[in-house]
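Have a look at these structures, which come just after this line.
Across the two complexes that follow, chain A remains constant while its partner is chain B and subsequently chain C.
Here is the complex of A and B:
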């Protein structure tokens, strides 16, 4: 085909028109900036259940915010972009991921799970003055100025479940605690449960610690049930299903309390609905009507729950809403600061003595235990399985329990060799 | 007393699993001289197969067990033909190949099952058998113990009463002499790894409803299998079976009376003590050069 000058001009004109049309949506968002928020989390390996669902949750919240036109911070309109890095719960990879997110991606906050992976990036957080979040406030040290825990205060919230159990089942007088023997999750949780049981007047008759190499929980369950406890307490999140299965088969009839009960439908499938009913834990489903109460600052939890389960039907876990709640906290701080810069947001968050916490008003806590008031604590839900469905029974205040009993908690932390100030 | 009897039963059931996967490891080492580090991953593939077919697609548990055994056997045969046979004159190369296979199987499991939580398989046999009002044995565990016992008995019969079994034992004693007697070493190696892998697949399939299934579950399995193999005597099948039950009972009772952490340490100490005091293990024999 011969290309004439006229044809060329016509084609160019058509091209320009098309480009202009395609460019329309871009024009609509003209002036919109993008703020990147990082997630340096385990997305593969044993710890993936405490990382990946959080990423899915954050993507849902970010998409919703962006679809609504973005967020206004300091006179600018921002689109939120989540940038994730999989550290597979490996400290070297965690440092690598942190550097990438901060130096290459230029994120304004890094959300992390906690534990050794957070400890490994703390020097970088300090050097780069990067706002970093953890789900384990025990990561906070007197020097970790840029590390905050604004959602889950593992395992402090467990005190609310024990308090509720003692009030509602006064006949339960003895308890056994089973947990993995690591200092990051298991022992922290065991110390907190021991303190909570002591305060509630419940005698702990055995604390059974085990490693991560257990393949059969029958001996452990037989061993602790021989102590005839009224309460079986799982201070672990890793082996709840096999422990529950053994409790079922070994005929345990007492009360069961646990930090988490992730994937409880699978536990019901392995045991029975009747057996799982009555189990007390701390992490609600977000279609729970009790989340519509005044004070809950997570916007439209039921809608979030539905979107999450539609997109990721088998992935809902405790962290599904926790990282998004941290994102929303950051947003509140950024709006207050009128800036997305990490130090400004941190300063705005910390200067608010009672900032919004996911389940209501919170307060900064932690100096007595870890050296800095960088953990946001407030009320926390007590959840019980009823007719095969997790339902919030009531909210109880973690902070008021800590005000009354922090000395007991610190003593039990020290007894188990855990770091306190 | 109740606790002692309950622990005895728990230990015997655990011993059945240990014996299944340890015997396979011993068989492969005895005949081929290869330390198969991917043996734990063969157990994992068995468990994943049951999860995929039974828990995810609703197919019969027995059918899933059958597929698991066949699939893992095929993987074993593949490993023999393409990894271990070409490297048969270099035990180190075989070991490294098995480590490579270990990672490959883990990645494949991740691709098939996705990341996220450990997989769970609802037990096909619900309920618990209650004996004397205090001993409680889940039907699922009784089923697993019976199948383990049947599989090990069949293996024992095969090894002691069939010509192929004799040939297999002969090769594990002396490859060269066996070859001189007209035994096809490659064929026997195929049979050895086929049996070893099928037992691993069976162990994984039986364990599936009783444990957390994830791509890394083979790690704990291989450590246990090594302890059992060393305690029983490297290369001794009857030693492996005996050690599997003794170790399971030992581990169970230490867990019950001293805790899981102590039990793990004691298991490894036991292995070290055996290596120092009786390096040939309970039933192994010293072979002079």
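Here is the complex of A and C:
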């Protein structure tokens, strides 16, 4: 191709224009600082569904905030950067990841899933005074000053589902509980459900605590259905889908209540819409109209839901909005503190007795059970599948249930050998 | 330079490199180095079990026995790390000695399956008995000590501690392998019937190898739990056992350094592909298949292959049946 002088001038002009356009964001971010927030989560392995969708959610929220020009904290304008480390729910990698995020990447907060991976980093959180969050408040100990649970108060919110079930289906009088026998998820949840059923006047006729790596759930389901329960309860089970399939095949007609119902569309595909309809659980989709009610502090949930499902059509799970909610909570604390420093943000969050919780105003709780008021509890939605779609029925207060019944809860926690103060 | 001098110079250079290494690493790579050092002891102690020809699937669980021993002594009796380390080895060896009676009634594939079942039984005990083992959540708060100004919670001091313990253990394992006991273990593997015909009690020597291997992997477990501060049954499950097997197979198990080579190379490789989270298992799997296809005797066979290819010298294949 022959290059004429005219073509060269045109190309140069176009290039100059292009450079100017591309340079615009740089000009926008001029003088802007960056605050890094860490995620030390499982992104591969069995626990990945409770890690990776949270990273996707945080990236969406961070992109939105950055696109709007960043966030103002203490007179400075900050761009938010999410730095993630995949610990694959392995304690060794969790420690490595925590050190990388805190000492090398210099993040100002580390978000984690919970359990043994959190326990392994707690000495470092204390030593480095690093604000660390968990989705399992049962990780809180009398010594874990820098560990807070600002979003998911697992498994305390399960009491709201039972309360709603008892009021709306008073004919259901007996329940069975099935879950994996692990002290981090299953037993905590089983103890909470037992307490909630006792308070609601529902008799628990069987509790089946099974091991991991089960492949055939037919005998487990047959065994508990032999007790003729009105309610089948899955207490933070890792095996919701196979259990639901067995309930369907064995013709269970009673009420089903579960902590989570992740990927419920797949369950419908494997069973039927009619069967799954009426299942009660605790985690809403974010296109739910009830999230537009006053008090819900998550900004524009429907837009978040749409963006998430467009970018990651098959990855929505309970944690998709939880880590972003923690991020937003941190932002509130940082703005109140006028600083991004971990101790200042923690202090600002804790000094507010009723900080904004994702579903409304919350309060700090936990001292009676775990030794420190480092878990934020408030109202929590009761979700029911209606016509194949998760829909919030109403919000109920976890705090007021705890005020009335914490002694019952602590008794059941102790009965199952769980740590309490 | 004669062979011994070469070994002394090489060893000194390696030791100097190991001492200097953590100072050139990032914080989280220092941790990786600590876990790698501990895992080197895990694979080396496994090798002594395989010397008799028996491949067990309980070694990771025995590491857990050591870890839980240290954690329980620390948590419930406030015993310090200096005592829990040897106690972990001794108690793990004692558990191994008890297990010898049912396990070594079998050999080969049956032993493999039996060892897996015994290991799972032990793991289920940790899971089922929330007291004292903490159930699936395990135990936490098992922190390393402060000695004067030395804080063993920091990576570099703990690395030097772990390196010292592991080198001492490797030295003892090397001496055992090259002693009369070691030669007998080889004989039990390759010529069991002949060994029995000259009065060698093969049951006893198989058991001895298992007990010795368990003693050292118990110490490795204690080292790990004191650095991590937590212990859970999942840390010592089938997944970790598979890693031990892979390290040994890929590294090779005919030479003392083979499994160590496997652990080091594969750990570094795994870390180097961390950026490719979604395809990492596939890459790792492909490398394993390729290494088994093209290096059936492990990475340790590369020098002899290279020599054979370049014609520098002829080395006998250690497994060759045709050489005399």
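Please note the rule applied: the second predicted complex is superposed on the first by the 395 of 421 C-alpha atoms of A that agree within 3 Å, B and C clash if a C-alpha of one lies under 4 Å from a C-alpha of the other, contacts with A are read in each partner's own complex, and residues count from 1 in each chain.
What we mean here is this: a residue touches a chain if its C-beta (ideal position, glycine included) is under 8 Å from a C-beta of that chain, and two chains touch if they have at least 3 such contacts.
Computed from a prediction, not measured in an experiment: that's the story for all the values here.
By the document's definition of touching, neither partner reaches A:333: not chain B, not chain C.
In the superposition on chain A, A:137 makes contact with neither chain B nor chain C.
With both structures placed on the common chain, the touch criterion links A:91 to chain C but leaves chain B unconnected. Of the two partner chains, chain C is the only one touched by A:100; chain B is not. Once chain A of one complex is fitted onto chain A of the other, the partner contacts of A:181 extend to both chain B and chain C. Looking at the shared chain after the overlay, A:43 reaches both chain B and chain C. By the touch criterion stated above, A:211 is placed in contact with chain B and with chain C alike. Between chain B and chain C, B touches the greater number of residues of chain A.
When both complexes are overlaid on chain A, the residue A:219 reaches chain B alone and has no touch with chain C.
Applying the stated touch rule to the two superposed structures, the overlap between the chain B and chain C interfaces on chain A comprises residues 43-44, 181, 211. Across the complex, chain A is touched by residues 26-28, 31-32, 35, 124, 127-128, 130-131, 134-138, 140, 143, 153, 155, 224, 228-230, 232, 234-235, 274, 277-278, 280-281 of chain C. Contacts from chain B toward chain A in the complex involve residues 2-3, 6-7, 10-11, 13-14, 110, 115-118, 120, 122-123, 126, 128, 130, 136, 138, 141, 207, 209-212, 214, 216-217, 219-221, 223-224, 251-253, 255-257, 259-261, 263-264. Those residues of chain A that touch chain C in the complex are listed here as 43-44, 86, 89-92, 95-97, 99-100, 103-104, 115-116, 119-120, 122-123, 127, 181-184, 187, 211, 416-418. Contact residues on chain A toward chain B in their complex (touch as defined above): 43-46, 48-49, 52-53, 181, 208-211, 213-216, 218-220, 222-223, 226, 239, 241-242, 245, 249-251, 262-263, 266, 269-270, 272, 314-315, 317.
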